[in-house]
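Given below, in the form of structure tokens, are the structures.
Both complexes shown next keep chain A, but they swap its partner, so chain B is in the first and chain C is in the second.
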Partner chain A sequence: MLHSGINVLFEGRNFARLMAGLWTSTWIAVLALIIGLAIGTIFGVLRTLKNRPVRFILRIYLEFFRIVPTVVLLYLVYYILPRSLHVNWPATWMSVLAFALWVGAEFSDIVRGAIESVPKNQRESGMALGLSRLQLFRYVLIPQAFKLELPATINLATRVIKTTSLLMIINIMEVINVGQQIIEANNQQYPTGVFWVYGFIFILYFILDYPLSAWAKRLTAKQK
Partner chain B sequence: MTEEILKVEHLNKFYGNWQALHDINFSLKKGEVLTLLGPSGSGKSTLLRTLNGLEDYEDGKIYFHGKEINPSPKQWQALRQKIGMVFQSYDLFPNLTVMENILLAPVKVQKRNEDEVRKEAQKLLGQVELADYADAYPRELSGGQKQRIAIVRALAMHPEIMLFDEVTASLDPEMVRGVLEIIQRLSDNEHMTMIIVTHEMNFAAKIADEVLFLEDGKIVEDTPGKEFFAHPQTKRAQEFLDSMDF
Partner chain C sequence: MTKKIFNWIMGILAVLVIATAAFFGITQPGLNGSASGSRWNNENNVSSIKRRGYIRIAVFGDLPPYGWVNSQGKRVGYDVRLARRVAKDLGVKVRFVQVNANNRVDTLNSNKADMILANFTVTPERKKVVSWAKPYMKVSVGVISPKRAPITSAKQLQGKNVIVTKGTTAENYFTSQKGVGLLKFDSKTQQFNAIKNDRGAALADDNSYLYAWVKRNPKFTVGIKNIGPNQYISPAVKRGNKSLQNWMNHEIDKLNRESFFTYDYNKELKPYFGKEIRPSDILKQGK
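== the complex of A and B ==
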């Protein structure tokens, strides 16, 4: 019985559909990460400055995205933004927006921590050479912070990839949503389909996330 | 009369309620070597850092070429190109090679031609016997080598004054001499104007045109170098020299 169950993956266009779903998850995650890391770098740098109002606002931004569950965020961008602000983008773009803002918040804290842990002497010797504040960040602090923040950033990336599974609640055809449709459509013919489909999705996520997670672990070990 | 480059008048500095510097007054002429001596915690390094805008001060005035410095971040940033500083902990940028460390400020801050600065940097590296290390990273160098690079990095900016903050204090004894010789040559050959904080008394005795002896943030004595080491004016300075045993 089990042996035949695996065929559910190859019935009709099922395999191609699962892969297309995986692609949707991946591009949303990658795009959100690119935008989010850019936002996070800028906000993280701003949070190391002395300006109190700026720091306060960015702190609230961080706490908001850290406290509000991702599901709620997705509902917010999918149902509430279009209605109250008349932003009518496709669901995929809305989800990129929500994820990018979330990544930006999390990453800003990683960047702030990393910049603050660059030794104070580095900052002073840069200043003593006449570097402007912008140059100090660009050539001295951010490159050194980058190395410190890399493991945490990779971990954040794996979390983003995993969390794309929530996109099904706003009807995006990502891999889990596709998987569920396949299970329902083939329930009669393949009663064990649920096992195979979810098992396959498990492997897909594992293939995406495990190398990242192993990389982060290696970097962390090297820094010690 | 030789030109006065730097002048400090009635400088006071506080950390909270605690006064770190009391009514500091002195002046520095072109080509002069001023040495700051005194027990630890006497405010030597604080004074030196104040002269480069790394510490702010509550009142008093600092003049550069007769013009009062307005202690704003912008003005200090411009002045630091003319007042070079080398620190105890070298503080080379670990993410850059030796050459990149040297090129960074002249090229990015002073917008000088990169090839010309590179040539000059290579020459300076030769003078400190590190010509082969242009492409090395700081982690591959010893403390003495790092400190020599840090001096070259500051010199590449063409400063008018060099500040040395206990530059040999964290070096192995056998590395000290090489670094001190470079500073000595800088004075002998280039007539560089310098302010030096050091615990190397033999070196100070040899190089100092003028000595400021500090204690508890006050200038106890301001005496020409030779005279200070032969006959200090104050009992406190005499005790200090006796305790140093050199």
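== the complex of A and C ==
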């Protein structure tokens, strides 16, 4: 029985549909990462400054996005924002927004940690050379922090890719949502379809995430 | 060394997978019958729907034979056929929004769709939050159980777990029954998987599609066909959208006159239900 179930993946245009679903997950994750990393870098740098109000506000921002579960965030942007603020964008853009803000929050903490762990004498040497504060960040701190934050950033990326599976709750046609449609539509013909469809989705996610995690591991090993 | 080769292979595979995904995702938009949302617009009365040229109708994506997606990626089913007919009679295109049982109300209230045709049962609680047109089907809650341990009366449920989907009438009904444990799930897929894996003694849902499901899953039986009050399924529109509500009432009268629902039943539901169910068990027609 089991070997016949695999055909569910190639019935009609099911394979193309699953791949199209995966593409939706991928571009949302990538776009959210790009925007989120930009936000996170700026906020991370601001958080190393001595200005107390700025640090306080950014701290609250970080804690909010770190504590609130992603499911709740998605509900918030998809159902609550349209009703209360009359912001009614397509679901995909709303999810990019939610994910980007979340990535921004997590990344700002990574950047702050990395900048603070650049050896103190580097900062002092820079100041002794007469660099302005902007130049200090641009030429001394950020390049060195970049190496330190890379493994953590890649880990964050793998988490974002995995978390796109939650997008099905706001009715985005991502890979899990398509998988469920296929399972229900082929229940009669392929009772074991559920195993093959989820198995295939597992493999897809693994293929996307494994290279990233291997890369992060290698970078960590190099730093030691 | 082998590790290194493995990592290389995985890296190449990842690139290939993304390339294929991008190929299908970009070259064939709408492959999964997806609906793009639209900008905020309070105007969802009949004339503004006609002006914008499309109507957004919320349907199920994983509930054969009412609303589901076939292997070609096309939305089909009893509710979907009705939706396409409604759009045709309005003279506009149809855009589908896929919903689950528990976000049907939110979908209307957040203005993600103009109308819901997703097996939506009229209840007093729901009357407070959405507006209903005339009913097009009748249902009540049914209970399925495995044939080897059938449950045929409400008494047998005492002290056992019943599987339901959140936001359904079955959940409402059993929440008010004392001594019955509930296992709640988010989607139809999940609830049917739960009963297959023996997570509960029985599963309660609208009897209209339990009949269909049991036909496909002969190890189970609809032990209790009717429990709780008889109820109706209606199109729902956003609360206060009088214009669309009235238009839909006329539309349903018209469709009843030309026996559209019997036609729809024979096309979409009959193959799933088998002979023991007749159209009059499901349809709400003024005969």
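We take it that the second predicted complex is superposed on the first by the 224 of 224 C-alpha atoms of A that agree within 3 Å, B and C clash if a C-alpha of one lies under 4 Å from a C-alpha of the other, contacts with A are read in each partner's own complex, and residues count from 1 in each chain.
Keep this in mind: contacts are C-beta pairs under 8 Å (C-beta built on N, C-alpha and C of every residue); 3 or more make two chains touch, one makes a residue touch a chain.
On a predicted model such as this, the values are computed, not experimentally measured, just so you know.
Colleague: Just to be sure I read the superposition right, which of the two partners does A:91 touch: chain B = first, chain C = second, or both, or neither?
Modeller: second
Colleague: Of the partners chain B and chain C, which touch A:214 in the superposed model: first, second, both, neither?
Modeller: The answer is second: A:214 touches chain C but not chain B.
Colleague: Comparing chain C with chain B, which touches more residues belonging to chain A?
Modeller: In the superposed model, C touches more residues of chain A.
Colleague: Does the superposition put A:26 against chain B (first), chain C (second), both, or neither?
Modeller: second
Colleague: Between chain B (first) and chain C (second), which does A:122 come into contact with in this model arrangement: first, second, both, or neither?
Modeller: In the superposition, A:122 touches chain B alone.
Colleague: Who does A:177 touch here: chain B (first), chain C (second), both, or neither?
Modeller: After superposition on chain A, A:177 lies in contact with chain C alone.
Colleague: Let me test your reading of the model: by the given contact rule, A:64 touches which partner, first (chain B), second (chain C), both or neither?
Modeller: So A:64 meets neither chain B nor chain C here.
Colleague: Thinking of the overlay built on chain A, is A:56 touched by chain B (first), by chain C (second), by both, or by neither?
Modeller: Neither partner.
Colleague: Which partner does A:202 contact after superposing on A: first (chain B), second (chain C), both, neither?
Modeller: Touch partners of A:202: none, neither chain B nor chain C.
Colleague: Enumerate the residues of chain A that count as touching chain B in its complex and touching chain C in the other.
Modeller: Looking at chain A, the two contact sets are disjoint.
Colleague: Under the stated contact criterion, what part of chain C meets chain A in this complex?
Modeller: Going through chain C, the ones touching chain A are 7, 10-11, 13-14, 17-18, 20-26, 28, 31-34, 36-41, 61-64, 68-73, 97-100, 103, 106, 109-112, 186-189, 192-193, 216-217.
Colleague: Would you mind writing out the residues of chain A in touch with chain C in their complex?
Modeller: Interface residues on the chain A side: 11-14, 16-17, 19-24, 26-27, 78-80, 82-83, 86-92, 169, 171-173, 177-178, 180-188, 194, 204, 207-208, 210-211, 214.
Colleague: Can you check the complex and tell me which residues of chain B touch chain A?
Modeller: Answer in residue numbers: 52-54, 73, 77-78, 80-81, 84-85, 87, 89, 91-96, 104-105, 108-110, 150, 153-154, 157.
Colleague: What residues of chain A sit close enough to touch chain B in their complex?
Modeller: Its residues touching chain B are 121-122, 124-133, 135, 139-140, 143-144, 147.
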